[in-house]
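Look for subunit A in each of the two complexes below; its partner is subunit B in the first and subunit C in the second.
So, the complex of A and B:
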């Protein structure tokens, strides 16, 4: 279980994550939604110990993330960040192989390479495996980074906007893949999504953030309501039931 | 049999024999280094071999040590800062070392400094250098990534600050003491400090041993701070260790031949271009080999062609400075 207690972060007096308390249960897919600047990425970075917090604690299976050795956590929790840019020239396979670093410490075994092969296969990247990342499209690169994260094979998988740059086909494939990872491999998937309908259709639980706080949390059915959406995003939204899914319409 | 199957059977034995590109380059460069050393030792020997061999040998040892220290410190520095323009010298490392040398004379006086053996004095300076560099630069590089512009600016300010503090102290100390100090600071490729050679070898060896133990983190560090942490690197610790290693290497090269600003940039970036990989197992040896090649080959040219009328540091700094400008212009254009 990921247990977030009173976590706060401020940049120059401006509080961007304000005393957030949140418990994310083991298993399933949890989506974090909310307008730009709500503090979603900042919260995810603190949960994954990439950013120091000003107050509060985060524990993962009882391990305090700020005190547990980094390499112990790396075998339990992985994170995909919102923007990934690299200084050096890597192929897709090189990048995905880095996902095994917590286990291989730079010397991948045959078993590690089998994980790499599977991750490339999951994300349909075999054909691109030996291409350099800087020669790929944004969506292809995004999939390579997701493959690296999955290759880390951790119980908790945190992804900050994994659908960035993906076309419709790949976005659907990505959500199905994450759903399968949770259902079949028993992993806990936590992801930040911008498309509230993806969040509605694919998650077990939704956390909605606004102004650095958790404004709402609940099942898709509880969260996908016009008044909640209007409060979160400040636009008029109607929610319709389509084949048992709650779909928000906001183009009109 | 079709042509294609022929082609494939032809390719197989080649494939098993051929080395990867970076391996080939490294091998080739090592060969060049060996040839250059041989040439340096044997060219134009007049008179007594018993004199020439140790004389040229120590010269080569000093240059090899300096070349290795500059190359390795630059590559590692660029790895932890995630960029290919900054070097320890651009960030004011060697200015800091000069300041420490000056401050010691200033505070303790030459009398007490001269009572110590040069080797002991050097070790004290290195220890101070490691502590200060670890403190100051960990603050700069240990946390979340800062913008390159801010870093370049910081480096510039540090460099100027350290140099002005040093020259301020040099100005107000006793002229006699200044003469002693100047002698210490006046190291160059032509007149390196022979007293410090052995202790330098020991220090460089120790620094390399420390770096060797954490070598598996180097490649991961090129992915950036956040990714390295999420893959389980103990970032603050590793960066502190690498900064300490860099501080030792810079102290050695500055003590032996004086500050060299842009040369590391030249060899590191040439190595990246040649190997075309992020892997330190190739980049580090390649950069070191290039560095040795330039220094030893360059010294030979300076001695034989220019008959000591120009100094090696001017040549290597000119080439390195050119590289700095090219990288800056290219970096700006691609942004």
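So, the complex of A and C:
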């Protein structure tokens, strides 16, 4: 379980995340939604020790993320940021192999290579395995990064806006894949999502943030309500039940 | 692996050619023919072999250093001579020369390393402070910083009548290399081995701080190791042979185009290409105006700047 207690972050007096307390359940897909500047990415970065916090604690299965050795944590929790604008010219296979670094320390064993093979297979990347990342399309590259964090084989997989730069087809494929990762591999997937309807259709649990605080949390059914959406995003939203899914309409 | 062996063979051929170029009569025949004073053997041992070794070590070390510098600055267009490192190192040499004229070469090297470290750290510090709009801003900042440091050094060198010596340090030249005056370079060879051992760390660090932290590595520690390698190698090379411009820029970028950025794979290629490039430039410099020599810094500068321009102009083709 990820346990967030009183976490606060401020930049030059401006409080971005304000005293957040949150318990993220084990298993399934949890989405963090909210308007721009709500502190979603900042919170995710602090949970994954990429960003130091000004106050509070985060524990992952009882391990304090600021005190646990980084390489121990790297076998429990992986994080993929949104701006994977790499300057590095690596092949897909090399990138995915680096996902094993917390275990192999640079000397991958046969077992590590088996993980790499499985991850490439899981994301349909075998044909692209020996291509350089800078020769791929945005969607292919995003898949390669996800393959890397899956190869890291952590119980918790955190992704910051994994649908960024993906077209509809690839966005759907990515969400299905993350759903499968949670259902078949038993991982806990935590996402920051902008698209509330993707969050509604693919999550087990939704955390809604506003002004640096957790405004609402619950199942998609509990969160996908017009009054909640209106309060979060300050636009008129109607929510309709389409084939058993709660879909927010806010286009007109 | 086979290609790498071929490249190594090519470098060995260049090294052998380099051994037999010069005014003194050193040829395979003169080495084998018995003569009373063994002059050819003496020249070979005292001058030619040290010179060729110095070329190979400094060429490969500067190329690998360029690669690490590019990872530290997260920019493809920097190297120690476009980041203030070389200028800071030569300022260090000036300071030692003035304050402790009797210092050993090793002492000079240590002071130059300290200055190079400070100069490079300052460069990285400045990079953190300014918003970067374009990849070309980074080398420009480095060139300006180098210019400022160099101006200070030149001022004091002028006042103290040391301009000529300063110029001699700054221009790469292997003609003064003799047995007993190049051995310091083995330190940079050792640092290159360290860089190879830590290759995976540097590759990961090249992907950025978040990636590095996610994989459980301490980014700062990798950066510090890189900084130490860059500063010490630069200082050693500047103290022994002077500055070799563009080498650290051109060689890693060309290797990267073909083999990518997995340092475990590319460091041997960068080292071999660096050695081969410097050997070839030195041979050209010794042959063009035979029996006189053109300093290697000039030859590398001419060929290197042409290659650099080529890389800049085709940069959009591969910079992601």
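FYI, the second predicted complex is superposed on the first by the 252 of 252 C-alpha atoms of A that agree within 3 Å, B and C clash if a C-alpha of one lies under 4 Å from a C-alpha of the other, contacts with A are read in each partner's own complex, and residues count from 1 in each chain.
Basically, a residue touches a chain if its C-beta (ideal position, glycine included) is under 8 Å from a C-beta of that chain, and two chains touch if they have at least 3 such contacts.
Small disclaimer: the values here were computed from a predicted structure and weren't measured.
In the three-chain model built by superposing on subunit A, subunit B clashes with subunit C.
Applying the stated contact rule after C-alpha superposition, one finds that A:81 touches each of subunit B and subunit C. In the superposition on chain A, A:133 makes contact with subunit C only, not with subunit B. Once chain A of one complex is fitted onto chain A of the other, the partner contacts of A:98 extend to both subunit B and subunit C. In the superposition on the C-alpha atoms of chain A, the part of subunit A touched by subunit B in one complex and by subunit C in the other spans residues 45, 48-50, 69-75, 78-79, 81, 85-90, 94, 98-99, 101-102, 105-106, 152.
Residues 74-76, 199-201, 203-204, 206-210, 213-218, 256, 260-262, 264, 318-320 of subunit C touch subunit A in their complex. Against subunit A, in their complex, subunit B makes its touches with residues 82-84, 144, 215-217, 219-220, 222-227, 229-235, 276-278.
Residues 45, 48-50, 69-75, 78-81, 85-91, 94, 98-99, 101-102, 105-106, 132-134, 149, 152 of subunit A touch subunit C in their complex. Interface of subunit A with subunit B (complex): residues 45, 48-51, 69-75, 78-79, 81, 84-90, 94, 98-99, 101-102, 105-107, 152.
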